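Letters are used for the chains, namely A, B, C, D, E and F, taken in the order the chains are written, and counting of residues starts over at 1 for each.
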Amino acid sequence: MKLITAVVKPFKLDEVKAALRSAGVVGMTVTEVRGFGRQGGHTETYRGAEYQIDFVPKCKLELVVEDADADRLVDVLVEGARTGKIGDGKVWVANIETLVRIRTGESGPDAV
Amino acid sequence: MESGNVAWILVSAALVLFMTPGLAFFYGGMDRSRNVLNMLMMNFYCVLVVPIVWVVIGYSLAQVPFDNGFIGGFDAVMLKGIGLDDNGGSLATIAYLGMFAAITPALISGAVADRMKFSAWAIFVPVWSLIVYVPVFKWVFGGWLGQRGSLDFAGGTAIHVNAGIAALAAVLVLGKRRGWPQEGHPPHSMPLVMIGTGILWFGWFGFNAGSALAANGQAVQAFMNTFLAAAAGGLAWVLVEWKRDGHPTNLGAASGIVAGLVAITPAAGYVSGASPIWIGLLAGVICSYTVRAKVRFGFDDSLDVVGVHFAGGLVGSLLIGFFANPAFFGGEFREGLFYGGSLRLLGEQALANGVAIVWSFGLTYAIMVVLKRTMGVRVDPEVEANGLDLELHGETAYHGGGLH
Amino acid sequence: MESGNVAWILVSAALVLFMTPGLAFFYGGMDRSRNVLNMLMMNFYCVLVVPIVWVVIGYSLAQVPFDNGFIGGFDAVMLKGIGLDDNGGSLATIAYLGMFAAITPALISGAVADRMKFSAWAIFVPVWSLIVYVPVFKWVFGGWLGQRGSLDFAGGTAIHVNAGIAALAAVLVLGKRRGWPQEGHPPHSMPLVMIGTGILWFGWFGFNAGSALAANGQAVQAFMNTFLAAAAGGLAWVLVEWKRDGHPTNLGAASGIVAGLVAITPAAGYVSGASPIWIGLLAGVICSYTVRAKVRFGFDDSLDVVGVHFAGGLVGSLLIGFFANPAFFGGEFREGLFYGGSLRLLGEQALANGVAIVWSFGLTYAIMVVLKRTMGVRVDPEVEANGLDLELHGETAYHGGGLH
Amino acid sequence: MESGNVAWILVSAALVLFMTPGLAFFYGGMDRSRNVLNMLMMNFYCVLVVPIVWVVIGYSLAQVPFDNGFIGGFDAVMLKGIGLDDNGGSLATIAYLGMFAAITPALISGAVADRMKFSAWAIFVPVWSLIVYVPVFKWVFGGWLGQRGSLDFAGGTAIHVNAGIAALAAVLVLGKRRGWPQEGHPPHSMPLVMIGTGILWFGWFGFNAGSALAANGQAVQAFMNTFLAAAAGGLAWVLVEWKRDGHPTNLGAASGIVAGLVAITPAAGYVSGASPIWIGLLAGVICSYTVRAKVRFGFDDSLDVVGVHFAGGLVGSLLIGFFANPAFFGGEFREGLFYGGSLRLLGEQALANGVAIVWSFGLTYAIMVVLKRTMGVRVDPEVEANGLDLELHGETAYHGGGLH
Amino acid sequence: MKLITAVVKPFKLDEVKAALRSAGVVGMTVTEVRGFGRQGGHTETYRGAEYQIDFVPKCKLELVVEDADADRLVDVLVEGARTGKIGDGKVWVANIETLVRIRTGESGPDAV
Amino acid sequence: MKLITAVVKPFKLDEVKAALRSAGVVGMTVTEVRGFGRQGGHTETYRGAEYQIDFVPKCKLELVVEDADADRLVDVLVEGARTGKIGDGKVWVANIETLVRIRTGESGPDAV
């Protein structure tokens, strides 16, 4: 099975979620993260002193999916998260060995 | 003026000043975490600019000469001629009224949340204060509407109806937030909302009971009314939503408290006995429904300024026509219907509010349109998406952990 | 009544109203983030329902007729016959006392935190107010206990001991929180606790010094005592824990401040000089140990209502028997032991508290048992695990980031 | 004393007490989340220890006998001889002044944030109060500096300049924070900063208008001045930074409000008309630049106590030399330059501040050096890195989620 | 070596931690996350307006373990986290190449 | 490509970031996490009652890098994060299959 990890802009989360759902995804896990990248950070000024904030807020999605679905879902994800502006984020895919559903103990594709 | 009265006016003035931060937290907690600072700033800005405007020219236009029914003049510009005789009584009153001038435009900020340019707000506030607030204030307190016999103890018409309908005009020009009403935005910090609520109620005793401008029986009754109407309003809203939506909520309690406070504001020095309880209950029930109007009619009043302040203020102001009880106060105003009065008082209340509504709606709309055509009133979609705090103010509300 | 006195009572009443939100934040900050809104709601609910109960019937039962030693009557139901003569003095006092009625049951909420059904709390509060609070209040203030000579300036017996022992009765019926005492739950927001602490101390000046019902020398001394006892209580607790546990903590400072305030409450208008410092120090030290009783004796008083309010109130009330100083006040009450008095005053203090304890514990236990048998008092284990905010109120305290 | 005046002093005293928590939140919000509790504790500690020190010995040294120009004595130790005659007037004043004694060292805490040993702070506060605060207070209010004709209405010299320069001395001994000035630390919670700001402004009405020690015309003018200077200060700072840095910020508004309040403090009872607006504007503009001095001169004044309190206090105090208007108050003090006065008043202001600066800087430096050589004033680098909350107080400000 | 990732209900975290500790685990890393799945979200009502909150709070655990321990620890984890109710969460296992202990620079199983 | 995951002490984050940047890293994703390990937790005392806090704050970094850079960057990371005191954290490396840049759809090394 595959673990798809995506880092996206926070305000795109709802759209991405909706797109994935339409594509048949029934589960995923999301984390608030901070990204460092080409987009660069921003400057905040407090009492005239500038603070360089390098990390910008992002959302990280993790989805375990069946091998066969991976490519298609990566496309859906990329589609849904794209604004075309710098900082849209990344998607990467890794192989995983087992997936277990805690409630039932089922494993493999049945556990998705 | 007796020292006890001076003390009471000063305390009341300090309490009303404290209400603007309270309002900021009430609104700010309801907002999303990426816009909370913009919300706080819109409110705090009002207490920065309005006090200056008020003493430089506003007070003079709003009051002096006192016998002019339509507008004051320039006699008291920059407090000219205001001394400390009468133990400081008149100056204390001017300071006290300045607090009201400051919080009134702040009320509007809840409606325009999340999408208004701060630069436009910076212009809107002083302009609105001078051409909307000041005349309505004059007409209601001592001017032609007041002289005809309409009643407004602490600013139901002059403040809540006025700011509430202005909020409607403002959002009609401004347009809806991106994604509204499909996307919901629950309050980012309910404890902050409740901090604001506590401060508001506390401060409102100064707002209402202070409006007697003396520590006397009328002040005491206004105090008691403020206590009871807020409680009744909160209770009513909580019970309605418990039945209707299945849960008694903190935001319901807070909203009902504010609705009750708004509704009792015009009536506080004119009603007695169980009346504040009825007024509070009615306001709580009614406002728990009027906040839904925005979705039905499609105007995006972000934090329900219309549903709470306009509706609550109007309810309270009209209910004076039923509950006014001059005998209790030994006062020289008309009886309400329940105390043997005719429809006349209710008619005057309707007229006063009608005039305020037309004036405020029309002129606010005009100000917003002019601002829109000149500097623009709305932030770019990207600014709206990224949050106004960072984009307009270069600040972020919360910085946690080791990530900075 | 002089305007200065009216002003002082109104200010004091507003300050006491502000204490209930303060208490909500003090408790709410100590709670976990998934139950903080339930805690706030339990407190705010008290200021919604009790004011109505108080003016409709509570005040009348608690006071009128005044010469009845056991219970008032129905003469002043819905404020019947209360006018604005005496410059509003009596009505101001009724409003002021209404604030006390509201905060007293709120104190109990800290004990039952995290597991009580809100519906049961909604019934508990008005019922408890009428059948526990009102009689004890009457007996202590003007009723048979007061007539015998026991002293309670601002509610040590009538409020803190009363609510504190009721808290014990309530948790005995309610049972322990899931996982207690093995699992610990540190405060989810110490800044919120400290906001509550600041508001409480600020408001407590109205609570204690306002109880003189005039801006006079006794009020001033009560004010000074409130200042010093709170400081001494906080200092004592911090020093004890610094020595004992290795760290001076904010929660220790806050708890000691509250303990000092609770202890000085009954004594504030009867002691002078260095006495408030001693009372505060003793309360701080003692309560820093009594909060541990719950673990030893196995009753789950979540936020230490028994350890702080019952213990602190009792300490302060009994210390009157030592420190009362009528000569200083030119007052007509008995001397404490340190001022040449006999054991009589201490005896009366013990009796008054004993009576309050028995009545309050017994009836509170009975109310809780009836509620348990009828509607149930405890939420389901799953509700407890998921948090009361979401389950009972359909709200979440904090919504951050882009995840909603 | 009239009841109205007693009421006003008591209210003012309560307001000033509330300012110390307000200051704690103002500073604490600006701090990082791992040091916020240390910051709160440094502030709250002041209201625990100073009240005791004040009534035990401080007040007596600071005031009694009144005709001594240099230092009081031991006649009023532990309030000896202070009764309730004059309706409690003198005792009320002692309580009121005790609030000022408590908040003054608290101001310094902002400078030493993030790296001072709490044990050293615990000693520093009472020692500093007695050997720095008390003499300066005496000299300025009724002592030789005051007798020469320098003016300080509510503590510009005695409190803000005094604490501000002490802050400088303290950080010079203490040294810079690890990583400063390369590493920046934005405020961890701007809403907390704004809660503090709201409380500070609210309380400052008691600080300034209460200093008239009566509810009279001078109090009213001081109130109005406090209102206008704070607004003008906030407005000025916001406009400067909007132009200079590109954004109008909440922290700018808050800082400007505080700068305006600090600057009007010494002048509040001596200036009138548009003067407070000018004083506020000047303070806002100047302090928005003086906060940058620390980076240029390399002293690490963490939260800008020098830049705001020292600079703002000095500005306000010297401006009295221009704006003082005795005719308006019917008072017996010298005219400022703009009201026909000579340079004499300005000279006296300069002298009084000069003396305060030398005394305060010198002795504070000495106290800090002694503490450094004996117990040490600075935490270990590891403690600094891990955060003072956990290391010194065994507490963590926020506990969220299921992770505990 | 293996990386075990588990998403569990927050109030089960303490139990799971205790169980893993008993099973010999000496280190793990935990993240607050939000889960989307069959359990569904919940509705919150503010001023009568309903907000659908799709994401529910979860805790994510990450443990790097020796290959030989992986299966056993997955079982322990599943056991400890199970309530039998929907939303109990998932466990998945991936292969990792190196593990390094920063303090010492040790790598491989010694670094666990 | 490789996914490098590191758990480090929060106050080391800035240094690590700077070191990685100098080593040519242009993107990474950071999460606030809580660690459980040999370092142990700490005790907090509230009203005299002790609470054992087992989890200490850590920062987790995730970097997707080209295969050839992985070892070098792990070294840089270890170097930058080390204090030599217990609790310095771990670094582990896993293989990933694809990396996609959402903005452009580029994939593989070009997407880094």
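In the analysis below, a contact is a pair of C-beta atoms (placed from the backbone, for glycine too) under 8 Å apart; a residue touches a chain by one contact, two chains touch by 3 or more.
Just so we're clear, the structure is a prediction, and the values are computed from it rather than from any experiment.
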| item | value |
| --- | --- |
| Superposing rotation of subunit A relative to subunit E, computed on C-alpha atoms, to nearest 5° | 120 |
| Between D-F and B-E, the pair joined by more C-beta contacts | B-E |
| Mean-CA-position distance for subunit D and subunit A (Å) | 50 |
| Chain centre separation (subunit C, subunit E; CA means) in Å | 44 |
| Centroid distance [mean C-alpha coordinates] between subunit F and subunit B, Å | 50 |
| Contacts with two or more other chains, residues of subunit B listed in rising order | 2-5, 7, 11, 185-187, 189, 195, 199, 215, 245-247, 249, 251, 394-396, 398, 400-401, 403-404 |
| Shared interface positions of subunit F, touching two or more other chains | 11, 30-32, 34, 44-46, 51, 53, 55, 94-95 |
| Subunit D contact footprint on subunit F (complex, rising order) | 11, 14, 34, 42-46, 51, 53, 55 |
| Partner subunit A, residues of subunit E touching it in the complex | 2, 6-8, 31-38, 54-55, 58, 60, 74, 77-78, 81-95 |
| Subunit F-touching residues of subunit D, taken from the complex the two chains share | 183, 385-386, 390, 394-396, 403-404 |
| Contact footprint of subunit D on subunit C as seen in their complex | 2-5, 7-8, 11, 15, 32-33, 185-191, 194-195, 197-199, 201-202, 205-206, 209, 214-221, 223-224, 227-228, 231-232, 234-235, 238, 245-251, 253-254, 256-257, 273-274, 277, 328-330, 398 |
| Complex interface listing, subunit A residues touching subunit E | 1, 3, 17, 26-31, 64, 94-103, 105, 111 |
